[in-house]
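Mind having a look at this structure? Questions to follow.
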Amino acid sequence: MTDPRVTLAGVEFAGPAFTASGCAAAGKELAGFFDLTEIGGVVTKSIMMRPRSGRPTPRMVETPSGMLNSIGLQGPGIESFLANDLPWLAERGVAAVVSIAGETVEEYAQLARILRNEPDVKAIEVNISCPNVESRGQVFACDVMSASSVIHQVRRNTSSTVPIFAKLSPDVTSIAEIALSCHNAGADGFSMINTTLGMAIDTDTLRPILGGVTGGLSGPAIRPIAVRNVWQVHHVLPDVPILGMGGIATGEDALQFIAAGATAVSVGTMTFHDPSAPLRVQQELLGLLDERGFASVSEAVGVAHRGGLV
Amino acid sequence: MIQADAEILSVRRDGAYYHMSFAAPGIADGFRPGHFVAIAVDDAHILRRAFSIRSASTKAGGALQIIVSPKGPGTQWLVRRRAGDIINVIAPLGQPFRLPTEPVPCVLVGGGYGVAPLFELANQLRARGCGVEIIVGAGDAARLHGVVEARRVSDAVHVTTDDGSAGEQGRVTDPLRRILAEGRHPAVYACGPMAMLQAVSEVSAEFGAVAQCAVEESMACGVGVCMTCVLPVIGDDGVTRMVRSCTEGPVFFGDRVRWSDVGTVPADTLGSPEARDD
Amino acid sequence: MTDPRVTLAGVEFAGPAFTASGCAAAGKELAGFFDLTEIGGVVTKSIMMRPRSGRPTPRMVETPSGMLNSIGLQGPGIESFLANDLPWLAERGVAAVVSIAGETVEEYAQLARILRNEPDVKAIEVNISCPNVESRGQVFACDVMSASSVIHQVRRNTSSTVPIFAKLSPDVTSIAEIALSCHNAGADGFSMINTTLGMAIDTDTLRPILGGVTGGLSGPAIRPIAVRNVWQVHHVLPDVPILGMGGIATGEDALQFIAAGATAVSVGTMTFHDPSAPLRVQQELLGLLDERGFASVSEAVGVAHRGGLV
Amino acid sequence: MIQADAEILSVRRDGAYYHMSFAAPGIADGFRPGHFVAIAVDDAHILRRAFSIRSASTKAGGALQIIVSPKGPGTQWLVRRRAGDIINVIAPLGQPFRLPTEPVPCVLVGGGYGVAPLFELANQLRARGCGVEIIVGAGDAARLHGVVEARRVSDAVHVTTDDGSAGEQGRVTDPLRRILAEGRHPAVYACGPMAMLQAVSEVSAEFGAVAQCAVEESMACGVGVCMTCVLPVIGDDGVTRMVRSCTEGPVFFGDRVRWSDVGTVPADTLGSPEARDD
């Protein structure tokens, strides 16, 4: 059997599949569907400094093979997260990858400083797909300077044993350029892709459906975009681990990401269809790797760049 | 809460709706009125569809009944299934109606297919010695559901339609107001469109009755992980929060839901943009 | 009934629906399915100066609610097009919107000069989603300077009575920025969106499926992305006509584009599913506009920016 | 060429394949062997699937038969249809086999479901007085199709399987070589996997016979507008072009297809990158 363990930037996880930020809350609700310790870990909904109400409803629209969401990072804030959610995961031995989000570079730094004292944080995912209130609402992830300042500050304020993953947005002209600058700023790896910006209009009222007007598109519809982005980043930074995501529904989908250069995968939207999808995808992926003769996941990482199976 | 492949036992047209029944081993045991089931539809649609559980029998391994209004592609796909087809279901989900601890007279109000969860509720209330009157309303006669069955499980049934094509012409709040005016009914249970729930909550409050309302918000996951299904609800601490209707609902106390603000984030909500601009 | 005619940058067309470049060849093959004179017009496959073989097969992969293609602009070259295809359309009274593509700014200029003498060209669509061989293969449409030089040259070399539409790529950080620069360079309107770059990997061979490695993603999967792009460009340039496209399958889909700011629409990939889709979509769209009380298509253009139906 | 909603008349399993038949008014009239039909599948898959037309009867308004190998999601969906279901079809498409003007003896070679278009071809050849021998090959017995029917429409049938589980063990080219060695057969017709078509073309050429091959390339549109289905074919002028197999094919003369270069753009192709670098 293929060894299920994967090592991401020096930290070992039990398996190659994770939940995706915002698609598993803080894990608890999925525990009724599968054993959270069997997968790589839970990537939490992005946490901010303070409680946040999110956007007005409607917050979602189903689209062909996908969905749009405009949740607006609703959450309880870091204090409540540390008091309630992180201990729940830690007590059960579930690996916690904490996603953080901010509106200013300083807010990310603050969050990192607070998490520094938390031994139960296995890794940090830095969600930089947020509007930078100090830069006309331009999304951090869409600008080389903003993206790298956030990463730089988070890296400076995080213990060196805890890797930080920059969560990249596909809504840029060159994802490789953003990745390179984040890597130079200290990112130990990348999570990609975040949702891509989309919109739907109600054909009766002729108004945007979402309370937030535009929203993030996710699900199988965007999978080919996600695989391409992973491919491009692995091409320029073949030694940097990638947590790949975007429309993964099956082990075969996950294998596409691994072959394109991801070391592990997150299952997001498809968890709404099948709450045990993260574990199912992991089992299917391991089965496929085994059939193809890989002793470990890492052997298969980026194999499509090296001529595939021979 | 169980996720299972369920065999469809029957699909039967009834006016504007369809009765569907499917085998659901194990689910019936945990069922209480107000719970819902989330059903996966065809490959082209990745999100599940939510339906109130109309009834759950524990016989023959367990079966669930739902009422489906074929509105969009997912529900239309569902009502085209035939006996023997397999669907994937997750149930029971959500917070059910809370039952009174005393044998008090209750009023149950259902709009359209919203009567679905009320039959079992009526049975359980009567089993506790509660009196049960049911108000069944709809836009027109075709969209009235379950009047006959309502009679079987209650002491009295009141029927209203907007166009007068069946029962009394008017809104469910017309008979509700008359019944509550008797001053005997401390508890109201309602399920139906949001506007109806708001009106029922207001009339109940007016007469000092406690209303429990099963709301219907657009849901992506149904299990509490996505945060799409929220509405502004006032907590025990008096603070308004955007609360998930799939896990903290679908049943809420009518006086806790800020009905007029549904679809907005009121300025005084915990963590609202306004609250944060300090 | 809603008046079917639309005017794009001063030129009137019989209806609001067009074929999409590359999804209708030069029109002939679709004539067996519907009357080409009933729709707005035929947007031809992008024509280049010389014959072109395109990429190796496989050239397509079906994806969830979409497809990837890497045709590589196979075509007969402008001479053959003018000798065979354009006259065929003209003789039948079919409005021809000629799409042109080049590898250098000068190639686009040359194409424009050649088309200048052709009275049967109703409008020119400038496909700038091609690699610029003079700039390390960077796609023209992804760079403000390259995009606007092409548009500037084509505008200079085209008769002022023939509008030119810049065909925009969604694969940029800011579509509004590209649109503004193309407009300043002389674009009379925009066609949008072109496909978005994607990729799929064969899970047996673990190699990219497409002969071209990456390919363009199209179809309903990308519709929310397309509607958002149209919305953003109409927001900054409300008076500039947009030919909207990306996953349009029904009149309802088309109406989303019109409400977001498109003056007319192209039906691309869905023509492969239903060869008469352009006409069907047009009829459905006109029916919906009529039900909603619009006397003309133009009344509905961008209505979602103005509060929708009231 | 007609696009129509067609009612499925029957779906019947046959070894590894399924026979499907559907009502198709008007289509049968234009049908000639080698034509294909493009069928729309479920909503989750936007591209049509192509199938050789096995036979077309003009009786009862017209019906088409196809043989489906349930390979991926679209074909699996198709074979799960039942009589009475409606599918959207476009047919007849493509260039059919050309028939000889003289009554010459012909060899027909089918691999797997590739025999599908050969039965009607055999009928039409015999109607013109041509002798017909059919070679039916497959990987194993389960994937052999139509041996019994082949006997009905021909003078002789030769069966091969790769594993010897039916007929003679080996490739279709083994009996083909023996037959052509008789020196009597100027015409070969073939349909099946690309590797088989290449081998058939080569053997035919060796014996001076003209091979017509129905190829199978991945198609997005099937009607000539997308350019996905191309392969390198040498024209009358000796120039290689990337040619659409849906409109200029699927039937090509075997000696015109550059079999070894399928999946590439040969350097001397009209408009190839190399040809342009001058």
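In order of appearance the chains are A, B, C and D, and numbering begins at 1 in each one.
By definition in this document, a residue touches a chain if its C-beta (ideal position, glycine included) is under 8 Å from a C-beta of that chain, and two chains touch if they have at least 3 such contacts.
Since the structure is predicted, the reported quantities are computational estimates derived from the model, not experimental observations.
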*Return the chain whose centre of C-alpha atoms lies at maximal distance from the corresponding centre of subunit B.*
D
*Per the centroid of Cα atoms for each chain, what is the distance between subunit A and subunit B, given in Å?*
35
*Mind checking the centre-to-centre distance between subunit B and subunit D? Centres are C-alpha means, answer in whole Å.*
56
_Averaged-CA centre spacing for the pair subunit C and subunit B, given as whole angstrom_ = 47
*Mark out which residues of subunit C touch at least two other chains, giving numbers and ranges.*
64-66, 219-220
*subunit B: which residues touch two or more other chains?*
44
*Connecting every touching chain pair, does the picture come out as line, ring, star, complete or other?*
ring
*Which chains touch, pair by pair?*
A-B, A-C, B-D, C-D
*Please name which positions on subunit C make contact with subunit D in the complex.*
22-25, 29-30, 32-33, 45, 50-60, 62, 64-67, 69, 71, 74-75, 77, 211, 219-220, 269-276
*Enumerate the contact residues on subunit B facing subunit D in the complex.*
42-44, 73
*subunit C residues touching subunit A - in the complex, by the definition given at the top*: 61, 63-66, 68, 142-143, 171-173, 196-208, 214, 217, 219-225, 227-228, 231, 247, 252, 255-256, 259-260, 288, 292, 300, 303-304, 307-309
*Quick one: in the complex, what on subunit B touches subunit A?*
1, 3, 40, 44-48, 88, 90, 217-218, 220-231, 241-242, 247, 262-265, 269-273, 275-276
